[in-house]
Amino acid sequence: MDERTPTAVLGAAGIIGQHFARLLADHPHFAPPLLVGAPRSRGARFGDLWTLAEPVPSALADERVRSPGPAELARRGVRLVFSALPSGRAGVIETDLARRGLDVFTNASDHRGDPAVPLLVPEANPQHLELLRRRRTRGVVVANPNCTATGLTLALAPVVDLLAPASIHVATYQALSGAGSPGVPSLAITDNVIPLIPDEEEKVARESGRILGTVGPKGIRRWPGDIVAQCVRVGVRDGHLEAVTVVARRRPTLRALLRRWTEFDPLRERALPTAPAPPVLVRPESDRPQPLLDRWAGAPASARGMAVSVGRVRWDPPYLRFFVLSHNAVRGGAGGSVLNAELVRSWLAEGSPRWGPPR
Amino acid sequence: MDERTPTAVLGAAGIIGQHFARLLADHPHFAPPLLVGAPRSRGARFGDLWTLAEPVPSALADERVRSPGPAELARRGVRLVFSALPSGRAGVIETDLARRGLDVFTNASDHRGDPAVPLLVPEANPQHLELLRRRRTRGVVVANPNCTATGLTLALAPVVDLLAPASIHVATYQALSGAGSPGVPSLAITDNVIPLIPDEEEKVARESGRILGTVGPKGIRRWPGDIVAQCVRVGVRDGHLEAVTVVARRRPTLRALLRRWTEFDPLRERALPTAPAPPVLVRPESDRPQPLLDRWAGAPASARGMAVSVGRVRWDPPYLRFFVLSHNAVRGGAGGSVLNAELVRSWLAEGSPRWGPPR
Amino acid sequence: MDERTPTAVLGAAGIIGQHFARLLADHPHFAPPLLVGAPRSRGARFGDLWTLAEPVPSALADERVRSPGPAELARRGVRLVFSALPSGRAGVIETDLARRGLDVFTNASDHRGDPAVPLLVPEANPQHLELLRRRRTRGVVVANPNCTATGLTLALAPVVDLLAPASIHVATYQALSGAGSPGVPSLAITDNVIPLIPDEEEKVARESGRILGTVGPKGIRRWPGDIVAQCVRVGVRDGHLEAVTVVARRRPTLRALLRRWTEFDPLRERALPTAPAPPVLVRPESDRPQPLLDRWAGAPASARGMAVSVGRVRWDPPYLRFFVLSHNAVRGGAGGSVLNAELVRSWLAEGSPRWGPPR
Amino acid sequence: MDERTPTAVLGAAGIIGQHFARLLADHPHFAPPLLVGAPRSRGARFGDLWTLAEPVPSALADERVRSPGPAELARRGVRLVFSALPSGRAGVIETDLARRGLDVFTNASDHRGDPAVPLLVPEANPQHLELLRRRRTRGVVVANPNCTATGLTLALAPVVDLLAPASIHVATYQALSGAGSPGVPSLAITDNVIPLIPDEEEKVARESGRILGTVGPKGIRRWPGDIVAQCVRVGVRDGHLEAVTVVARRRPTLRALLRRWTEFDPLRERALPTAPAPPVLVRPESDRPQPLLDRWAGAPASARGMAVSVGRVRWDPPYLRFFVLSHNAVRGGAGGSVLNAELVRSWLAEGSPRWGPPR
């Protein structure tokens, strides 16, 4: 008998949904997901909706897309829901599911500001799981952040206390898959870049400040420095590159900074299947990271696309410059939430109470 | 009889050289250039070497590439030389030409640090022509800056005193034509961006600091703030986009900043053919400037590609964010030097030799 | 007083509509058009809807999009209508306009099979205007063919009788703008080509056969050979390239074939503003035509993008191979219909109404 | 002890060489190769030369590139040589190696016309191995064909006798990696396609005719029909797409054609590691094959990129149209030669004589 937790993916037909399906098709802890889509794709063969360049998982290719509501999902025994629903529509459904006792791991932005929802990057802010004590629902809701904020905070987490930044400046080179499907028209981007991704700069600043913040008695105290972002779409399929400049108030050695990155591996003990080891790769080459070459970074094989790659580290105090690259749809999307679910499962397995009853 | 000044273009077969030829083929003050290339292309029909998407000028298509040395150029009566020679090889030849009394306007970097050579962006630092008093050659050498520094300083010149920046952060999205020919291999850039342009970040900082500097009795006093650059190649044919964040010490109103940009037109009186009017266009749209749509900005027709476009101006003191776009091979290359030559000619035509004999 | 014919462009907000506007903004015979769009864009400033890389014509940038019906168009005095309406919706409206006495020149496919509508490429089949005698409406309807068929038939028209082809094989490399707006998603085409353009292969065969056909007492007798097409979308902004192989039954000399192409200029006498002279350019280089370099071919300036470029002519009897390139949205779209209108106007101006009253 | 055959890869630093290394790093029959490069890359760490988007095999990343001559290769005990040498330089070296008793499997074109060298596509013409009886060297030389001819002949082999073609017309959409490294400049191909690949059309015709030919007492009798090719470079990283039109003399049913393709699997019994099963995939979708989605086709995992994908089969007698896609650098390059070596090894293992002594 399959002892793996029964799961569902909401919004399975989209890019993030397909990545969820890919990651869950053969997962040691989670059973292959029920594929949930909008009514208009109900009954479609999943393999026929597939658009990723990676092959459709054979275990799911012949599955049909369904469109059950929250009550039916609960009735079918689903325990864990991965949500790739469009922001705006996701929130109400996710809350409904959590009320029914299902645990929700979501890529949507609706709950990212909710004081009882951890905005979680497992290696960066696992302590934010404490927020779950504040929840009002039987099930939990845990959100992964915006794709750009994910890469940024993973790169900053190991070094931010050493640097004590006054401000952090980030300019992005964001991939097409970040715009979903159909996304950016080819005529808009061929021989072009577009210096606007609506709301993205605000999200990067707001969410990164929260992730780097501390948990206090009144909830999250956001990180106090300024995060100043400029976000640009480029004609790359996958992989967000970010040019980061930290204006530092402290002056650690470059060696100390590099050691922090290379030794960073806070999840090692937990042996989570989707956790990359190490999570931050420092590239020694002069011209890396590059989206084409580094987006699938991450070992072991089950963590492909989950590591972030840092490179071109230049430290001219007070300015630390580097580039960071992450796979926006894997590390910054579906993979982020799968790892979140693995961390929660691991935490619960330690025998600790399920953060007590909801308030 | 043609009263226009006889000219030559050195390095005519390259991308910048072809733009020089395009701009000089039908110029009111300068005669169509002698086309000078490396010995290996000697005798080639210019039209057969042409690689730009813009059509080869009919007046030059059937001209042959020649390879005279400096002495022969002087003998042939050439007075004005536009140099698109590769940096490293350019310096000696340019000095030789200036010693022989020819005026040299160069896109090469060899002389950009020379204390007697103005690093000139006509609208931004015309007063730097004063440096010509220090020259030791009969002819003058005037350099246009690095393509990225050109766009950056043109955007900053009108507002830098209002802002009194502590630091300026710039991340670039640089076009393929900036790498010359053959340049970036297609396999390196298709579905990719490359976070390295050798020496570019240093050039942007060094040259922009000089252009924004003031002329004193001991030469240029560079602008005292920090310019922190990160430079990236993207898969765009032409047009460098730059994401600029100014960390300001003063707090002007946004209105004052915008007025500075829109009213900026210091060359208006001179009616230079290649001078765009106005030189800085402020785009009101939320998603501009874009390389595809804005690289050829500039009116009148003779100044196409000479204006820079500023957009997405966001002023959250102390952070001023904006994007600037310029045509790297026109405004940031050949067109920059043609405009430099027009300015020098105009200055001399005012009746007073402004810089006397060489030292 | 403006003696030019009052015009309107239907579907002005689309790619073909914008090209119509560009070509008519400053036309010697036709007045700047009334810009007609769907109700949802009514009142929008035309410049704000503009998406082409070519600049919006200043004469039209501040015009508002309107959405009058056929009756109102007639009432406003419009005489000539250029239609960029979507196929399927266009036919009924175009017929209504023609019934009211307006002349319609259309890029839509609805009337392309109509026995009273010339499917016209002025240089290739001007004699098809005879069909207008069969019309049942006061105004005329004249259609330009599918963009791929236009380039193909222009290249074939001068040589088809010399070759007497048994079959013609064509494989295409079609540009993104051919799919309209928003058109092909960037994720579908980046690092990819797509071997399907719905209905295109049938259109190319059917329409080319008609254009190359002869007018007889019972209408068009289509050209009797086989036209076998394979159509592919590639990641190019503008310009359809076609690889053509003619299986010939006759064996003219290569010289005779080339002379036919280079001497082809049947409209010369008429001096139509949008007619390129010559209409077929034979490129001598080994690697042309190329979309990037040749799509805007055509002289004089008013005929830019109206010439087709033929190259790599290889004659190994019975196989004649060549490439032909044409600007799909200009020659194969808006420009084609503008030239059609110029030809009709010229024909009428010869003093004799050539086609009498409607049946 | 490693019982696998000792191997070397010549030209290991190029694109095909890297694919050879990738395929041989962990092969059940062949030992990880000695990596041989030009003197200028001697001593370089292989991982530092790696340019493919696929990761460098960990077993070879730290190996150094060497540059032994043929004699030294023999002395080191190498038995099997895979050659990715540039055509023109390859022939002499390969013959020298074969004289010394090493078996050579080559991607270079120098020996493709040699009457004692099989031009081998294992599924299509295994009987051509008979030519090895004619060899004059102790070792054998076996060549894989041009990448475009490989895909074409694999698609044609199962159906050619059913169709009895009068002529075969093929137009190609060839990937950038086919041009090697540095290959096509980005400025030549961005927003463009290039209708010239030098010598390619001749190679496709000549080599395909040979592969489809029969072995007779006097050597190969080439296939008698005409193969008419037009070859174009497109901006795709990997995967050659070909639009094929067969002008048939017979009229099988479509069903019979499809059955031939789907049942085609002549190597099944041999269980070769790099042999895809099946070798020809017929895609049912209306818009496939596509380079992005189908280039890595092939099962099992060790045969990824080795299957060809056929799609859009349209049979309007006498014209059979279809598209075929193959990974040019794997199936059409390194993988082709690895499979050739596997087939030769399998054949020898049957106990049959090594084709007798050399003549």
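First chain written, first letter: the chains are A, B, C and D, and each begins at residue 1.
Note that contacts are C-beta pairs under 8 Å (C-beta built on N, C-alpha and C of every residue); 3 or more make two chains touch, one makes a residue touch a chain.
What you see is a predicted model; the values in this text were computed from it and never measured.
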| item | value |
| --- | --- |
| Label of the chain whose CA centroid is most distant from the centroid of chain C | A |
| Pair joined by more contacting C-beta pairs (B-C or C-D) | C-D |
| Cα-centroid distance, chain C relative to chain D, in whole angstrom | 43 |
| Length of the line joining the C-alpha centres of chain B and chain C, rounded to whole Å | 41 |
| For chain A paired with chain C, centre-to-centre distance based on mean C-alpha positions, whole Å | 49 |
| Touching two or more other chains - residues of chain A | 190-191, 235-237, 292-293 |
| Contacting residues of chain B [partner chain A, same complex] | 167, 169, 171, 173, 191-196, 226, 228, 230, 232, 234-237, 241, 243, 245, 247, 286-293, 311-312, 319, 321, 323 |
| List of chain B residues in touch with chain D within their complex | 51, 176-177, 181-191, 235-237 |
| Contacting residues of chain A [partner chain D, same complex] | 53, 55, 190-191, 292-293, 296 |
